[in-house]
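Below, each structure is written out as structure tokens.
Each of the next two complexes has subunit A plus one other chain: subunit B in the first, subunit C in the second.
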Partner chain A sequence: MMAMQLWQLLDLLLAGLTLGLGWAAVSSPDLRRSVVFFIAFGLLLAVVWARLKAPDLALAEAAIGAGLSGALLLSALRDEPDTAMVGDVRVGPIAALISLASLALAAGFAWVTVHTLGSADPVRLADEITAQLPNSGVSNPVTAVLLNFRAYDTLLELAVLLAAVLGILALGPARRPYRAAGPLLDGLLRWLVPLLIVTAGYLLWAGAHAPGGAFQAGAMLAAAAVMLRLGGHTSAGLPRAPIQRILLTAGIAAFVLVGVTTTGLGLGFLQYPEGWSGALILLIEAAATLAIATTLALAYIGGRPTTWGPEKPANTAGEPAERD
Partner chain B sequence: MLFAEITYALTGIGLFALGLRGSLLRRSLLGRIIGFNVCGAGVFMLFVAIAYRGPEQVPDALPHALVLTGIVVAVSATALALALGRRLRESEHE
Partner chain C sequence: MTEFLGTVFILIGLAFFAAGSIGLLRLPDLHSRLHALTKADNLGLGLICAGLALIDGGALNAVKLFLVWVLVLAASAASAHLIAQQALRQGGK
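Up next is the complex of A and B:
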């Protein structure tokens, strides 16, 4: 009974802290503070996921939600004019109205949620997943859902990532690179980057039976790229441009290749042949890890890397005439 | 109905509303993006709370898989939004 109450106290504390930090991140009139609060908020979310027995999410959130998003926002902060640093939140009657409307929306949602959760035991897909897990080729249910039961969704998700990074690459050149690091950071990088690569390899392999998988591993590799970039390595450790292009599409390519092959064998699209699931999942995950890592690294660089060479001159003849 | 489930579900809804309010009330694009991310985190928390089934039970893996892809899509959308914002500012200076 005592332990139960302690858990409830912890839950209330965590929930309160999360709301408080979320509030601080969106309501601080100083943009710099907002970014810092948001990073802390991401870290706290990782703790909440761990509390709710979602270690896969905790790993991903710590690497992406707190780490990569934070790095992205901090870099973007560099470009922000100083005038944006104060008074960033609107005040006045319309602002009060918006606050009131959000509050009403939250109250409505809360009412619906409490009533839905309180109703008779809802139908869940969890039992189906548990029943089919032995046939999936992996024993981590999250990996089984992502790479087997709902593999088509993950394929499309990789396509979304590719679309996002193509948009970033098309928008212009990369952000200014950072200065070369001093000997201390350089020495740290020499240790940290290999460690991150090994961790990524471990997470990829462990994803079959324990928390981990392509997303967490890709995020780890991307973290190594961000560290290198911050340390003054302009290329962020990425390979040459043609290889980058191959890596960006590697995840989708592996998925489609496996899908087309299974279709050719007379099975459904991405319906793995019996006994092959584990190996095929590992193959797709390995390719997806590289693709996700390259995507996130290029997203952090924020545009077309200078190592890609100058942009090809646009075909001026085909451009539509300017209209007034 | 579990205490943790309902607590975190309501926290998620609170975060959703907070983020929505923030993304509407902020002046700078960066602030709006932060608001939008808090909004998304609220949705994720609602999902994960519903997946939780108590200390002895294995949680529902399907919402976890959805949220995992959601986290990765959210960060790439954030990066795209920031790149768009940078381009916008550059074109204003030209």
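Up next is the complex of A and C:
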């Protein structure tokens, strides 16, 4: 009983802090401050997911929501000399009305959700998934849904990622690189980058039976790329341009290849043949990991790397030392 | 007994965290604030990890907790160094 109340206290504290940080992130007059609040908000949200017993989401939120999005926002701020919000942000009557209406809608939604969750006999897909789990080739229900039961959705998600990175590449040349790391950061990178690569491999492998999988592993690899880029490695550890293009499409290619093959064998599109599910899922996930990592790394570089075309980077202040 | 010892470790660790946070709020300039944060919090985290390892009792989890501590040590030492260096470069406080 006592322990229960302690947990409730912790949950209340978490909920309050999350709301407070979210509010601070959107209402702070200084963009730099907003970004820092946003990163803290993402980390706290990861704890919330962990408390809701969704460790896969917690991992993804911490790695992508807080880590990589935070890094992206910070690097965007770097090119934005004036971080104070421009203009007067006075709230007019219509804006106030819309805010109030939104708040009422949110409260209504929360009320409905609480009552639906408590109702007697909701239809839950979870039972169906648990029943079918032994046939999926993996024992982690999240991976089973993402790469077997709803594999088609994940294929389209990868297509969305590819479209996004094509948009980023179309924006123009990459952001200006960072100066070469000093001895201390360089030493840290030498330890951290191999460790991140090993962790990514572990997450990819563990995805079959425990929290993990392609998205978390890809984010981990991309984190290594971000670290390298921050340490002055202009290419962020990415291979040469032709290989980058192959990596970007690897996830979709593996998916479609498997799908077309299964169709050719007389099964449905992405309907894995019996006994092959585990191996095929691992194959697709490995390819997807590389694609996701390359996509996120290119998003952080923020445009076409110099090796892609003849264009020179916009402004190479301070001539970074090429080391890789 | 180990559970009691673990709780004591965690409580001492929390005290270090509190001291570090008060230092962050109260100390006058960037360098001393960094000092307060990185020294006190790292020790605090080490104590909390040790306490958790004692309560858990498993060898594998103890190794994992130790690794967590070492990684945070390395990261916070490097980032404190970078922040201080940047502050020196800009000549501000």
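In this section, the second predicted complex is superposed on the first by the 293 of 324 C-alpha atoms of A that agree within 3 Å, B and C clash if a C-alpha of one lies under 4 Å from a C-alpha of the other, contacts with A are read in each partner's own complex, and residues count from 1 in each chain.
FYI, contacts are C-beta pairs under 8 Å (C-beta built on N, C-alpha and C of every residue); 3 or more make two chains touch, one makes a residue touch a chain.
Every value quoted in this text rests on a predicted model; they were computed, and no experiment measured them.
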{"item": "Partners on subunit A (subunit B, subunit C) - clash or fit", "value": "fit"}
{"item": "Per-residue contact with subunit A, leading partner among subunit C and subunit B", "value": "B"}
{"item": "Subunit B versus subunit C as contact partner of A:182, first or second or both or neither", "value": "second"}
{"item": "Which of subunit B and subunit C A:291 touches, first, second, both or neither", "value": "neither"}
{"item": "Contacts of A:155 with subunit B and subunit C, given as first, second, both or neither", "value": "neither"}
{"item": "Touched partner set for A:303, first subunit B, second subunit C, both or neither", "value": "first"}
{"item": "First, second, both or neither for A:138, with subunit B first and subunit C second", "value": "neither"}
{"item": "Minimum C-alpha spacing, chains overlaid - subunit B and subunit C, in Å", "value": "19"}
{"item": "Common interface residues of subunit A - those touching subunit B in one complex and subunit C in the other", "value": "none"}
{"item": "Touch list for subunit A against partner subunit B, complex", "value": "7-8, 11-12, 15, 18-19, 22-23, 25-27, 31, 34-35, 38, 41-42, 45, 48-49, 51-54, 56-57, 60-61, 64-65, 68-69, 72-73, 76-77, 79-80, 84, 87-90, 95, 98-99, 102-103, 105-106, 109-110, 113-114, 117-118, 124-126, 129-130, 141-142, 144-146, 150, 153-154, 157, 160-161, 164-165, 167-168, 171-172, 175, 213, 215, 218-219, 292, 295-296, 299-300, 302-303"}
{"item": "Contact set on subunit C toward subunit A in their complex", "value": "71, 74-75, 77-78, 81-82, 85"}
{"item": "Complex contact set, residues of subunit B against subunit A", "value": "1, 3-11, 13-28, 30-31, 33-35, 37-38, 41-42, 44-46, 48-53, 55, 58-62, 64-65, 67-69, 71-80, 82-87, 89-90"}
{"item": "Complex contacts: residues of subunit A adjacent to subunit C", "value": "182, 184-185, 188, 191-192, 195"}
